[in-house]
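Read through the structures below before going on.
You will see chain A twice below: alongside chain B first, and alongside chain C after that.
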Partner chain A sequence: MMLRTHTIRASANTSTAVVWAVSLAGSAFIILPIVFMVGTALKSDSAVLSVPVQLIPGEPKFSNFSKATQLIPFWRQMANSVLVAGMGAIGTVLSSAMAAYALARLRVRGMRAVFTIILVTILLPSQVLLVSQFLIFKGLGWYGTYLPLIVPSWLGGGTFNIFLLRQYFLTLPRELEQAAMLDGAGPLRTFFQVVLPQAAPALAAVGVLDFVSKWNDFLGPLIYLNETSDYTLPLGLAAFRGIYDTAWNYLMAASLLSVLPCVVLFLVAQRWVVRGFAVTTTKG
Partner chain B sequence: MVRQSQAAKLSGGRRDPLRRRNQLVAWGFLSPWALGFVLFVLGPMVLSLVVSFTDYPILRPAQTRFVGLENYETAWNDDLLRHSLAVTLLYTAIAVPADLVVGLVLALIMNVRARGVAVFRTVFFLPIMISGTGGASVAVALLWAFVFQPRFGLLNAVLRFVNLPPQLWVASTKQVVPSLALMSLWSVGRSMLVYLAGLQALPGEVMLAAQVDGASSWRRFWQITLPLLTPMVLFNLILGLIGALQTFTQAYVITQGGPRDASLFYLIYLYRNAFTYLDMGYASAMAWILFALTLALTLLIFRTARKWVFYAAEPPER
Partner chain C sequence: MPNLVCSHLVKHYRDVVAVEDLSLEVADGEFLVLLGASGSGKSTALRMVAGIEAPDSGEIVLGGRRVDELLPRDRDVAMVFQSYALYAHMSVRNNLAFPLRCANVPRSEIAVRVAEVAEMLSIGDLLHRRPGQLSGGQQQRVALGRAIVRRPALFLMDEPLSNLDAKLRARTRLELARLHRRLGATTMYVTHDQVEALTMGDRIAVLDGGVLHQLATPEELYEHPADLVVAEFVGSPPMNLLAAEASVSDGRLLMVAEGFRIDVPVGDLHPRVAAGLDRLPKAVLVGARPEYVRPLSTEDANFSVRGRIERVELLGSERVLWVDLAASPDRPWAARVPTATPPAEGSAVSLRVEPAGLRLFASTTGQAIGVGEAPR
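Up next is the complex of A and B:
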C-alpha cells in the first residue's frame, strides 16, 4: 500500500516536471520572437544594426511608432484594411448563415447534392482559381477596386464557414422557429429574428476568424490593387520593406501596430472563437 | 395554415403548393451561395481549363490562339517547374509531419490539469491571434525575416549565446526550406487546438477503465488516446497539406524565391508566369497541374484513412 501511494506521487511529480519543461521550451520559441519584435521596434537606428544583439534596448525610442506611420501612408492603409476586412466579414457571416440555414432546416429536393458540392469545395485549393478569377474580375472592370476582395464574401462567404454554421444550426432546438412560423412570421423574419440571435456565438466565431484572415490576406490585394493609396496594410508593409531594406525598427513598429487590432479582437471574442473552432473540428 | 401544413406532411405530395413554396424559400436562402459558386468557383474552373489550352498574352488579347496541349507539354519539360515542385514537396514533407507531431505533443501536455497550463495555452494561441488560421501573414513573415537575419537576427544571437556556430538560415540555398518549415511551427497552436478539442471529447469512462485495469500511461496513449484522436490527425493532415502546397506569402516576403531559386515555391513560380511574364495560358495550366496533384494526394490520404482512422460508433446524425 505504502509503495503504491509512493509511486503515484512520484509519477505525478515527474509528469508535472515534464509538463513545465516542455511548456517553457515551447513558450520561449513563441514568445522570444515577439519580444524581439517589440524590442526592435523600440531601437534607435544604430542599435538595430549592432552586435551583440540586444533583446530589449537600453533606451527605448517610442517615437519610432509615429515615425513608422509617416514613412508609409499607414493610417490610410489601415482604414483600407478595416473597410476590406470589415465589409468582407459582414458579408461572409450573412451569406454563409443563409446557405447554412437552408442546408440545416429546409430539407427539399437537391439539398443533399448541394451539401456534397459544398463539402468538395472545402478541399478545393483556392489558389488554383487565382488566374481565372483575375481574368473574370478584370473583364468585369473591377481591377484596381476593392470589389474582387469583398463581393465573393457576400455570395457564399467560404464553404468552410457554411459547413461550420450548418453544424451549429443542427444543434439548435426547432421549437422557437416553429412557434414563430405559427405566429405568422415569414421565413426571412424567422431567420433574422429567431435563428440568428440564437446562433450568435457561432456567428461571432465565423466573423472574427474571417475578419482576421481577410485582414492578413496578401495575395488577393497583391493581384487586384495597384495604387499605393488603395493598399491594405499587408501590401503596405511588404512595399515598405522594398523601400527601406534595413529600417528594421520602423518596419517592426509598423508591423506591430498592424497586428494589434486582430489581437484585441481575439481577446474580446476569445471564448466564442475557441468554442466555434471546437465545434467545427469535432463534429465532422 | 396549420391544418394545411399537417395535411401536406401527411400526404407528402410533390405538387403541393406548400411544398413548392418550401422549395422556393430554400433556394432563396441558397441563392447568394449558388450565384457565387457559379461566378467565382465553377466559372473560373472551366475558364482556367479553357485558357490552359491557349496562348493568352493578356496585354495583346487579339493574339490569343488555341494551342491544344502545348502548355502542358512545356510544363512537362520545364526544369524550373520541376524544381519548384520539388521545393514545395520538400517543404510539405518537413512542415506537415512536424506540425502533426508537435501539435499533438503540445495538446497532450496542455490537457494535463496542472498549474499554469491555461497561461501556456494562451501563449501557444498568440501566433494565431497575430496571423489568423490561414498560415503566415506579412507581419509575421517580416518578423521572421529579421529573426533569421544572420548578423543582427535573433536565432544567431541565441546560437552565439549557447556557443553554437551561427547559421545562414534563409540566406543559404540548403537551409532556406527547412528554415521556413521551422517558422511554420510557430503557428502550431492551430493544430494543437484541434487536438485539444478532440482530447476533451474523449470518453472519460474508457480512460478510467484502462487506468483501473493498470494500463501504463504509455500504453493508454498508444492504444486508446491516439486511436480516438485519429480523426483529428486526418483533419490536420488534410488542412496542413493543402496549406503547405499553396505556400506563398512567407516565401514572397522573406526570400522572393531565392537565394538562387532555392525557395521558388510552386505558387511563386505560378505567380511569376501569370503576373510578371503575363502568360495566362501557361499559368492556368500550372494551376490545373497543382489542382490535380492536390486532389490526388488528398484522395490517396482519404483512401488510406479507412485503415488508420478510427470512428467511434455514433448514432447517425440524420
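Up next is the complex of A and C:
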C-alpha cells in the first residue's frame, strides 16, 4: 500500500517536473529574443556590435527611446498606422460578418457554390494578385493614398475571416433570429441588434487579428505610399537601416515602442479571442 | 366567428411528411392545445402559423385576413419558444421593450406597457437583470411577457413548460390558465404532455405522424377517443386494450379471447358505442379505462376475465392493480381500486368491466366503433 502511494506521488512529481521543463524551454525560446531586443535598445552606439555579446548592457541608455522617436517622424507614423489598421479592422469585421451571415443563413439555391468559390480564393497567395491590384488602384487614381490599404477591407474583409465567422454563425441557434422576426425586427435590425452581439467573441478575434496583421503590413504601404509623413510604422522603421550600416539600438527601441499598441489591444481583448476560437454549444 | 382557420396545410421535408392535410379552427379567445409525441408535426404546424416555416400548400386565415404569405412580423402573432429565446445581451426591460421598439411605439407608451406586463407576471424587480442571471422559471415569465406586451391577435406557445421541474410546471400551469382567463387571448399551445393538455385546453387536437386524429374537448377525448392513437395517448395510466373477436346476437354483445369472455346486453353499453354495432367487424380491440375495471369479489356470469396480479402501485388515495391476462401477454391491464384491502401481488384475480365504460376499436383501421366523431 505504502509503495503504491509512493509510486503515484513520485510519478506525479516527475510529470510536473517534465511539464515545467518543457514550458520553461518553450518560453525561453520566445522571450529570449525580446530580452535581447530590450538589451540592444539600451546600448550605446559603440556597445551595439561589441564582442563578447552582452544581453543587457552595463550602462543602459534609456535616452535611446526618445532619441529614436526624433530620428524619424515616429508619432506621426504611429498615428498613420492607427488610422490604417483601425479603419481596416473595422471594415473587415463589418463586411466579413455580413458576408458570413448571408452564407450561413440565406437558403438560396447556389449558395454552396458561392461559398466554395470564395473558399477557393484562399489558395491564392496575395503576391499573385499584386500587379493586377496595383494596376486597378493606379487606374482609379488611388496611388499615393491610404485607399488601397483600407477599402479592400470594407469589401468582404478576406476569405479566412468570412470562413471563420460563417462557421461561428452556424452554431448560433436560429430561434433567436426567429424570435426577432416575430417581434417585428427587419433583417438589418436582426443582424445588428440580435446576431452580432451574440457573435462578439468571434468578432473580437477577427478584429484583433486583422488589426495586428495590418499594423505589421510592410508590402502594402511600400507599394502605395511615397511621402515619408504618410508612412506607417513598419515602413518608417526601415529608415533605420542604412546602405552601409544599421542603427540597431534605435531600431530596437522604436520597434519596441511600435509593438505596444498591439500588446495593449490583445490584452484587452484576449478573453474574447480565446472564446472566439472555441465553438460554443447552445444552452437550453 | 373563428379567429384562426387553417385549411389543408401540408409540409414535407425531403421524403418526410411533417404535416399532412391539417385543417382546424380556433375560436376567438379559445385555448387550443396541439398534443402529440415527438415528430407528430405539432411544432411544425405551430411554426407554419407563426410564419417561420412556409407550408407547401394550404391556407391560414387569422382574424379574417389571409396570412400564410405574410412575413411573421406582419401577422400579429407572438410566440413563446421552448428555449425562451431571450436576448441574452439585453436587460429584461429591453427584452420586453424590443418588440415595441420594432413597432415604433412611442417611448412613453413603451414604459407604461412594460411596467404593466412586469406587474402582471411579478417580474418588476428583475427588469434591470440580464436573462443569464435569472432562474428557469423567471426566464419563462420574461419570454411570456415579451409576447404579452405586444397584445397580439394570437399567442403561440411551443412547449413552454418542458424545461421546468415538475413542481414549478404544475404551478406555472395554473398561472398560465389564470393569465389566459384574464387576457382572453386566442392561444395555440403545443405540448407532448397529456396532463397539460387535459388541464389547460378548451379543446385538444391530437396529432400523430403529421395527421390530425381528433379535435375535441378534453372530456370528449378522454371518454370517446376517435381511434387507437388518441385512446393510447390520452390518460394515465393509458386505456386498457385487448384483441378479441366480437359478435352481436339476441341483443347481447359477446367478446371472446383466450382466458377472456365478456357477454353483456347491448342496452348496458354506452349509447354511442351501441349505435355503431351494426357496422361491427369480427376482429376488434376491446378498450376500457382503468377506473371502469374492478376485481370481482363474487362470480359474475357476464364476465370471465382471469389473470394474475403482477404489481400493485400506490397512488395515494387509490391503488392501481396491474394484471397479467392470458389474452394480452405483453400489456397488463390496469384497474383502479380504493386503497383499503387490495388483493396481494401474485394472486389470481377475476376482473369486471363496467359495461358503460367499454370501448371498441376496429383491429384493421384502429377507428373507434360507434359515434366517434364529436362536433368539432
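Operating definition for what follows: the second predicted complex is superposed on the first by the 245 of 284 C-alpha atoms of A that agree within 3 Å, B and C clash if a C-alpha of one lies under 4 Å from a C-alpha of the other, contacts with A are read in each partner's own complex, and residues count from 1 in each chain.
What we mean here is this: contacts are C-beta pairs under 8 Å (C-beta built on N, C-alpha and C of every residue); 3 or more make two chains touch, one makes a residue touch a chain.
Keep in mind the model is a prediction, meaning the values are calculated, not measured.
**Q** Is A:Asp183 touching the first partner chain B, the second partner chain C, both, or neither of them?
**A** After superposition on chain A, A:Asp183 lies in contact with chain C alone.
**Q** For A:Ser15, using the defined touch cut-off, is the partner it touches chain B, chain C, both, or neither? Pick first, second, both or neither.
**A** After superposing on A, A:Ser15 lies in contact with chain B but is clear of chain C.
**Q** Examine A:Pro173 and indicate which partner it touches, taking first as chain B and second as chain C; both and neither are also allowed.
**A** In the superposition, A:Pro173 contacts chain C only.
**Q** Quick check on the superposed pair: does A:Val194 touch chain B, chain C, both, or neither? Answer first, second, both or neither.
**A** In the superposition, A:Val194 touches chain C alone.
**Q** Looking only at chain A, is it chain B or chain C that touches more of its residues?
**A** So, of the two partners, B touches more residues of chain A.
**Q** Going by the contact rule set out at the top, does A:Leu209 touch chain B (first), chain C (second), both, or neither?
**A** It touches chain B, and chain C stays clear.
**Q** A:Ala25 contacts which: chain B (first), chain C (second), both, neither?
**A** neither
**Q** Considering only the contact definition stated at the top, list the common interface residues of chain A for chain B and chain C.
**A** Chain A residues touching both partners: 182, 184, 282, 284.
**Q** Give every residue of chain A touching chain B within the complex, in rising order.
**A** 11, 15-16, 18-20, 22-23, 26-27, 29-34, 36-37, 40, 48-53, 55, 95-96, 98-99, 101-103, 106, 108-109, 111, 114, 117-118, 121, 123-136, 152, 154-157, 162, 170, 182, 184, 187, 191, 209, 212-213, 215-219, 223, 233-235, 237-238, 241, 248, 251-252, 255-256, 258-259, 262-263, 266-267, 274, 277-278, 281-282, 284
**Q** In the complex of these two chains, what residues of chain C are touching chain A?
**A** Those in contact with chain A are residues 50-52, 71-73, 77-79, 81, 83, 85, 87-89, 98-99, 102-103, 146, 150, 163.
**Q** Hey, which residues of chain B end up touching chain A in the complex?
**A** That would be residues 1-2, 19, 22-23, 25-30, 32-33, 35-37, 39-41, 43-45, 47-48, 51, 58, 105-106, 109-110, 112, 114, 116-117, 120, 123-124, 126-134, 137-139, 142-147, 149, 151-154, 156-158, 160, 185-186, 189, 193-194, 197-198, 200-201, 217, 231-232, 235, 238, 242, 245-246, 248-249, 252-253, 267, 270-271, 274-275, 280, 283-284, 287-288, 290-291, 294-295, 298, 317 of chain B.
**Q** Quick check: in the complex, which residue numbers of chain A touch chain C?
**A** Chain A reaches chain C through residues 173, 175-176, 178-186, 189, 193-194, 197-198, 200, 282, 284.
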